[in-house]
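Below is a structure I'd like to ask you about.
Naming follows writing order (A, B, C and D), and every chain is counted from residue 1.
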Amino acid sequence: MTATPRLDFEIDEDLPPSSLLYTFGGAAPVASVVPGTRICTRTRDAFAGALRHPGQLPSQVSDSRFLNPQTGPFFVEGAQPGDSLAVHFVDIVPRGTWGVSATVPFFGALTSTPETAMLQPALPEMAWFYELDVAGGTVRYQAQESTLTLDLPLDPMHGTVGVAPPLHEVRSSLAPGSWGGNMDSPEVRRGSTVYLGVNVEGALLSFGDGHARQSEGETCGVAIECAMDSTIIVELVKGSYTDWPRIETDEFWMTTGSAKPMEDAFRIAHLDMVRWMSELLGLSTMDAYQLVTQTVLSPIANAVDKVYTVVCKMPKKFLPPVSAMGGMHQRLRVAAG
Amino acid sequence: MTATPRLDFEIDEDLPPSSLLYTFGGAAPVASVVPGTRICTRTRDAFAGALRHPGQLPSQVSDSRFLNPQTGPFFVEGAQPGDSLAVHFVDIVPRGTWGVSATVPFFGALTSTPETAMLQPALPEMAWFYELDVAGGTVRYQAQESTLTLDLPLDPMHGTVGVAPPLHEVRSSLAPGSWGGNMDSPEVRRGSTVYLGVNVEGALLSFGDGHARQSEGETCGVAIECAMDSTIIVELVKGSYTDWPRIETDEFWMTTGSAKPMEDAFRIAHLDMVRWMSELLGLSTMDAYQLVTQTVLSPIANAVDKVYTVVCKMPKKFLPPVSAMGGMHQRLRVAAG
Amino acid sequence: MTATPRLDFEIDEDLPPSSLLYTFGGAAPVASVVPGTRICTRTRDAFAGALRHPGQLPSQVSDSRFLNPQTGPFFVEGAQPGDSLAVHFVDIVPRGTWGVSATVPFFGALTSTPETAMLQPALPEMAWFYELDVAGGTVRYQAQESTLTLDLPLDPMHGTVGVAPPLHEVRSSLAPGSWGGNMDSPEVRRGSTVYLGVNVEGALLSFGDGHARQSEGETCGVAIECAMDSTIIVELVKGSYTDWPRIETDEFWMTTGSAKPMEDAFRIAHLDMVRWMSELLGLSTMDAYQLVTQTVLSPIANAVDKVYTVVCKMPKKFLPPVSAMGGMHQRLRVAAG
Amino acid sequence: MTATPRLDFEIDEDLPPSSLLYTFGGAAPVASVVPGTRICTRTRDAFAGALRHPGQLPSQVSDSRFLNPQTGPFFVEGAQPGDSLAVHFVDIVPRGTWGVSATVPFFGALTSTPETAMLQPALPEMAWFYELDVAGGTVRYQAQESTLTLDLPLDPMHGTVGVAPPLHEVRSSLAPGSWGGNMDSPEVRRGSTVYLGVNVEGALLSFGDGHARQSEGETCGVAIECAMDSTIIVELVKGSYTDWPRIETDEFWMTTGSAKPMEDAFRIAHLDMVRWMSELLGLSTMDAYQLVTQTVLSPIANAVDKVYTVVCKMPKKFLPPVSAMGGMHQRLRVAAG
């Protein structure tokens, strides 16, 4: 057995927000890695660290052009258009002792937005700071306008992971799409493998937007945002393109769709699951459609971003043992140690 | 303690489909019950029993005007507009040894429909029969075009439960809405209490569309349909109107929204959860919005009916012990025995 | 030539709003007419006459259950499911000297609504009264919060015209759909013929919701509402069902779709136009699709009601002379005199 | 009066499609112009000239990565973020004697697409060639599967006009948005002035996608595509940012919105019109909302692109004489000669 290649990639926490990366595509790589590399790195929080103290509000301390900074992009050697990356999340650990959420004017699921445009005034802008107890595995909710506190389970995840988009597009790290990006799915947690289709040479992988936890849907648009110490292993699957991001865990096969209206996100994810099950189980399309109809879970990942993300989850326990991508997830689980 | 009132309500399985009830509202009650009554009854399957044998197709044996027959309506004594019903599902047991699903032309999430209207031809019409092993708790999927069989967990539920709508409307039992109806949520299973706002005197409760199991989303539009032997307890909450159906179990507070586009269904359900949590926990609206953002699950119930249904689920384990509707669910759990 | 049958149908302006008709379907006919009958009648305004004086607001004087009262339903002798009605608007004349518009809390295109549900507060409720100069053909806009006045062209129309829906449904007169209803299209004006599919014996035609004029889209949800003196001729086309309302004028063939999201309303209307042109011009479906792509106008009729309505307009001047429904519109134009 | 600066910008028709520009943003300028410059140039057709002869199909001769080539980008001297461009279309003349439309698999309003994803097979791929009679002002429709021919009015326009997007994004020329892009509005014709907000230094204006004519909605997704000889005058309005493209003609004030679902495109355009009328006429927001409700036209521009475009048109004849952008449109009309 050969040693896993390893990259320890430090980021400079002192860089001002304006110097960071806010797009998928459009930036030169910060490092080059061979497939199989374990990347140990950090991510900054969605506010680029600008929101630090109770009493601060996003609009006072952060610039709306500088949200969701990404760590990367990493150039994956040998990755060509038509291949796929497999990105395994080995560990995601909050770096500090607090996280923060906020309501941002005209952003979120229960407010009008610049696109769902209305004449009503904005909701109040507020911030909620959460104490994180990483050892104890909890985050503490503290109501602002009453005394209620609640200890919620810590469940760290990355809201964004993606590659350079196709068609020479460069997309804001606030948008999810076929390239991944800001899917805000809680399924991107420790132990998950995310498959992403490669659109440009080297793929140009980046990720960020760590959340200590979030609901499905991320209702107000801002999870419990925090900087993360994260370790991923990046692998390459040659000759197999992943149209829309797929996620594999020990328990689930998952597909995703990101679109508006939300039913289109549902359609993309569930059509992709029909195709995946057809391929993995040797089923006709109609038989796979039928199987999906009786078995999957269909959580909404985000109802707040530029477009919405829906996840389709097939429980592995329902199926005979099969493996996808040449058993990539199982191998990455072993490699993760 | 007084005995629970009980109604054994038989339905005539020999009645032709054209004689059954296919609407919420618009029909005279079949029986009158006092609040607290345990109703032991049956429901016919979504095809009104017309699809019975492998080889049959829906379009050959059933009439599209006669889908989703309802058992009821039951007149609840004392129910007035502005009140709510609490409908507790004591038991839902498949009546036979098989269930059936099918693809119906221009119906389902991954096909064009009369409203999402396109020029493409329909998908093939097919039917899948499932063996049910009620004692063993499984349903058997059998591929039509290969030899794969899978035993899936039995998880009986009712796709429809509802009352007469407001504004003198009469709505098809294919449509979900604020009155309940065809929500097709797998959360309406044994042990669940459904709260429904009363719009007309007596409420006029009916239910049906039993499923041996279904996915979230009910992708092709037809779950594993079967007749059910079901027992419910119907209670009345005076003076408290439920705008959109809510569901309570031992583990979850749940709200629902049914609308198109799907993001509107999300908005309705999650706004209602913000309001419910605000009320139950004494939180300000903004604090409740924040709490919902970090905690709820957001499964899609159906992506196929006249409008779509999204469920918002708040885990009770995250919250301090509180009770809604005067502790109705707990009392119904006890009454269910 | 035989005389046109005629029905002078008076409505009682003194009836309280609670006594009027607010649904399509679900009501006994007020009169029976033979095909070809000229019906001379009145319609009450959308507020059932409750909003009469500057200073009044809808929420103070009207009941949200009693909006859009209909005149009818009229039973058309010989009309059977599968037939179509042709309703020709001979004349639509404002009955009084004023009309009124208003903003209604949580109703309209640029506000959240009970379905596009948000946490923001409602917009202000306001009313605007318009002087009507029927002889001069103008309506006078008067700003409330400045001195601007504008004389706009009078363009009287009916927001609602429809029949009893299929599937035994009864629908609020606030909803548009395949049965017609609250389409709020300015194309339903003097000289237009509306074709409606018959779903129940006698069709049960009703209409109302007169507007002195409105924009396409009816942005705030309330046009310049006024009572009308209207004359229609009702004809019957046996054996030809109209799936979605069609409208014919001397200048245009028009189809409509009413659905959410709005793209579904577009799809319904434009698919129906492809089919209509295919039939009228003897074109293949693909050739008709191509012709529609280069020729039609696609105005939004309403962006505010229970579902949205889009109209597809094919200019007759682009086409060879053909006639639909056996030349019905031309005959009705002659009969209208 | 000083002479209008002029740029004659030739494009090389022999360049292969892969060498052309297919994005807004992300490319170095091809020329720099001072405000007020008259640019006389050409645009290639949407297929980059690959589809030339009856019998060819798009999938045989063109590459889906190389659709909608743009002419530009032009760097406008002095243009800074926060300013607006005014782009006046002086002339748009089809360069050749034919145009072409086609059905492209999984593209168009009446077919499933990669986002409105369904299991149904694609519609047939076909191409329709149109003879153009520029002098006579007609284009000839010729059915493929019957003998019908129709002479339709020539109405040349540009489907795309736009600048570099904000947030460092680079967007495909198939997408419309706040930067303009592929709006596919027939309102962008000779005599129209388009206002676009500047997001990057120099604005980086480009345009293309000429259509000999199209319907509103561009139903099958492909208008009558042709290369154009076009002349524009580019002006700069300092210190006034245009959030979403606006269009001014002698007859109309127009706003646009591009989004999904289509109701969001409606909301954006109509909210912007409320704001514009409020500003131009000194009306309160609510008075402007009311005025828009009774006056505007609301055509759909495209129902087929990455997101949909809706236009809101206010007839100038309804309003007192006012001017926007310092009378820019009137000045450009004069300059156009």
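Points to keep in mind about this one:
Keep this in mind: a contact is a pair of C-beta atoms (placed from the backbone, for glycine too) under 8 Å apart; a residue touches a chain by one contact, two chains touch by 3 or more.
Note that the structure is a prediction, hence the values are computed from the model and not measured.
Just one of A-B, A-C or B-C has an interface built like that of A-D, with over half of its contact pairs in common by residue number: B-C. More C-beta pairs in contact connect the chains of C-D than those of the other pair, out of B-C and C-D. In terms of their C-alpha centroids, the spacing between subunit C and subunit D amounts to 33 Å.
Separating the centre of subunit B from that of subunit D, both taken as means of CA atoms, is a distance of 48 Å.
Rounded to whole angstrom, the centroid-to-centroid distance between subunit B and subunit C, based on C-alpha atoms, equals 35 Å. Multi-chain contact residues of subunit A (touching two or more other chains): 110, 116-119, 123, 260-261, 267, 271, 274, 289. Within the complex, the subunit B residues that touch subunit C are 22-23, 25-26, 65, 114-119, 166-172, 174, 257, 259-261, 264, 267-268, 271, 274, 285, 289, 307.
Residues of subunit D touching subunit B in their complex: 110-112, 116-123, 261. By the touch rule above, subunit A contacts subunit B in their complex via residues 101, 103, 109-110, 123-124, 126, 128, 139, 141, 143-146, 148, 150, 152, 213-224, 260-263, 266-267, 270-271, 274, 281-284, 286-287, 289-300, 303, 308, 310, 312, 318-320.
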